[in-house]
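Several structures are given next for inspection.
One chain, subunit A, appears in both complexes that follow, with subunit B as partner in the first and subunit C in the second.
The block that comes next holds the complex of A and B.
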């Protein structure tokens, strides 16, 4: 093997290492949620079985998103247990009456409109089809912030190559399109963009 | 081992080749494109509670029903209202993106005097001085609003004139005003009850009148039918969208619409298809055939065809007395399915079509389309939300943008029944804007304010107890308990629709009208001015051209 070939191969290898190993780590900065919220614990201890009990739809069908603090106050007006998360919740948010600054994994650019009501009520999709088993999780996922775009890694999906992804991974426009194609549902541009 | 320059070049080539098969270039490209959407100077919808309000579009006098999606108190999405009897759920492409217009780069943000930035106080002082020195003329684009009444009152009190810049639909009804004495603004086309429409180039399916009116009628009564309930005969030089979907397309020469109308009247009378009429066109059928490019036999056959399925209505895109005279001969004036009275109002407006002479100042309301230029050497005070070029006025005065002012909307042009709606101000202007009505009311409070006039109109409507209110539910006016309740419904986006006007409409055509120049002939020597369009509208225009099947046009 000639020297040139070896040097060229070294250059290729170097780029591959940088591109596949160093770049993803450099691109995303890991952030912790302000509170350790466990879906599993809430489902087991408070008997909340339906996602819609906390993640409600408004009267006009729009998705209310994360529950407001008053929902938490219903049970956590006083500390339940001795955990650090409980103390943080009560002292930092419930008593001062401020909302928890959750880092939202699914936040999209403002030019996109997604209707949970249409997908859940009209199409009859289960929450787990897009959110996997997150509703049963017993740990808080780390929020990975894209340094360039400012959005969560969940938008692109965890696989950098975007190959062999699970159906719930990724929230790019091509992911919406491929799901709509699978379900043979056609919407125009204005279905999602206003 | 010594590293040479060649090694570095070969290594770089290898690294470049390797980089292509990593996510680096593609991911950076994707992320940068998203990052560029969030630059600080790009307006972003406010984050906040989402609510939906109902209102009416104020871009043109049609006042289509609007469903406004608001986020954090700011309009972020518009769609039509299916229950609105006027627009029937449709909006024009511009209307769908109208909420973006308020951030258009050509938004007029400062008072300008001959290109230089000035102030409202200077503009007000200049107008007060001009109004004291000589007569003024106020030009309105959407007559019938409460704000229009303020403009009219001011003109009357200050010894000036009130003129109206009519749209093409109203101008097409102007010949009947001349022959019947009923104002063109009190007339309408009874399209819902007609069975045959002869269109002399009117772009019925391309954007004529209320966006949702004719396309809906066509979809319900003509689309994909071999023998449609509504026959459209389209005389058009080119295969327009309307011509392509018409029951019959007549390819006529550009500007020969008047000749075709005259030829048709000759053919109708010659074949005794209509009662004999006093006014007969001078041109013969052969002359009409020569001018239009159709054969004489084709014109005779067309005459037989159009009367086969009455009521018949001829429609022109703009002022065309020959087409109006054809309607008189066909007996379509004052008849069901023809030209009908929308109201019993007899007040006529002076058109601004001619030159404005011997005046000191001209005030142009923001409702007047931007391409209107006052034919006058007077000092022009031009209210506008968007700057279309400083040559159009001495003073450019920033007016409220889309949904930035509360206003009322009266009957759309050429609509056969009276309507009334209110558009609330759902967006807040971020700099000082004034309507022409407010500007003038500040100078002379006795001209009234739009709010008080709107309130008194609601009182009149309530007292009349006629018509129906189309809001969340359909409510007859007899079931409305008070003026306050009526006002609340209107502010919440309901539209009042009156009953069919019973006043008579009769036209006397003493002689055949002389030929008018073709309204379709464009002036190609005028410089082209880029239209003010929101980004969404341009996208929709492109999409609308891709709509192939007739069923998807609406």
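The block that comes next holds the complex of A and C.
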């Protein structure tokens, strides 16, 4: 093998390493949620069985998203247990009456219009079809912020190549489109954009 | 059944107050820019004045609100767009403009026979504090893209969502009314589904007093006008019609 070939092979593999290993790491800022909220604990200890108990649809069909602090105060007006997260919740948010600044994994860009009511009530999708089993998890995921777009990594999905990804991984427009195509639901541009 | 949303604007009732323009700007987050002029500002609906060209006692004038006519057939802006940023929605007949996809070539502005398209010359800006009054259902458009009337599609979203909450697929027609229709103090603008033969607006569009601007182009616009005055109806098809003057101030 000539020296030139070796240099070329080294250059290609170096560039691939940078592109597939270094760049994805550099692209995302890792952020921690302000509170260690555990879905599993809430499901087991307080008997909350359905996502809709906290993540509600309002009467007009709009999605309330993450529950307001009022919902937490219902049980956590005083400390339950001695955990650090409990102390943070009560001291930093419940007593001063401020909302927790959650980092929303699935927040979409401003020009996206998505209706939970249509997907859940009319199409009958389960929450896990887009949000996976996060509702049953016993740990808080790291929130990864894309330095360039400012969006959550969940929009792209965790696999950089997007090959062999599970249906719930990725919330890009192409992911919406492929599901719509599978179910033969046609919407125009402004069906999902605003 | 797919709808064909359209309007009938009764010109004999229009008093030229401009409420529709204000309501449209507020609904669609149109920026309030000091430097915008009549030519360069964004007016998805604009009230113009036209006259019969006579002077003295014979002179007649009328106001005419102009907006996207939502052409159904061979839609000129759709045909010319190199980005496929415009489409005629199959379900509603609305000519949908996607500003985020637009590259700003303004070919559609040239193609539109009604001059109903506008270019964003500047970054959107509002006086301090006014951004709190923005409509959360409409994304703010960036500089360098073309926009136009989308028949207040955010209201259609809201109506769809409300219907879905009640597990219904069809929206309640009273839930979807564009802002200009709602704001008109003389109820000159009527909005409805032209595909529904029993819809009062569809019936009105078939009245002998109803007409469309430049209908001879064959683009099948879905905005109809209505007037008892023959000279107003004639203007709609005349090539040599006096150029509409824009009311200043």
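Following the convention adopted for this analysis, the second predicted complex is superposed on the first by the 194 of 194 C-alpha atoms of A that agree within 3 Å, B and C clash if a C-alpha of one lies under 4 Å from a C-alpha of the other, contacts with A are read in each partner's own complex, and residues count from 1 in each chain.
We take it that contacts are C-beta pairs under 8 Å (C-beta built on N, C-alpha and C of every residue); 3 or more make two chains touch, one makes a residue touch a chain.
Everything numeric here is computed off the predicted structure, so don't read it as measured data.
Bringing the complexes onto one copy of subunit A puts subunit B in a clash with subunit C. When the shared chain is aligned, no partner comes close enough to touch A:45: not subunit B, not subunit C.
In the superposed pair of complexes, A:190 makes contact with subunit B and with subunit C alike. In the superposition on chain A, A:79 makes contact with neither subunit B nor subunit C. Within the superposed three-chain model, A:149 lies in touch with subunit B and out of touch with subunit C [touch as defined at top]. In the superposition on chain A, the chain among subunit B and subunit C reaching more residues of subunit A is B. Looking at the shared chain after the overlay, A:57 reaches subunit C, while subunit B stays out of its contact range.
Touch criterion met: A:117 reaches subunit C, while subunit B stays clear of it. Within subunit A, the residues touched by subunit B in the first complex and by subunit C in the second are 58, 60, 62, 110-111, 113, 188-190, 194. For subunit B in complex with subunit A, the touching residues are 6-7, 10-19, 21-24, 27-28, 30-32, 34-35, 37-38, 44-45, 50-52, 69, 76-78, 96, 536, 539, 543. Across the interface of their complex, subunit A is touched by residues 87, 89-92, 94, 96, 98, 100-101, 137-140, 150, 153-154, 157-158, 160-167, 169 of subunit C. Those residues of subunit A that touch subunit B in the shared complex are 3-4, 7-16, 18-20, 23-24, 27, 58, 60, 62, 109-111, 113, 146, 148-151, 156, 160-161, 188-190, 194.
Remark: subunit A residues 57-62, 110-111, 113, 115, 117-118, 121-122, 186-191, 193-194 touch subunit C in the complex.
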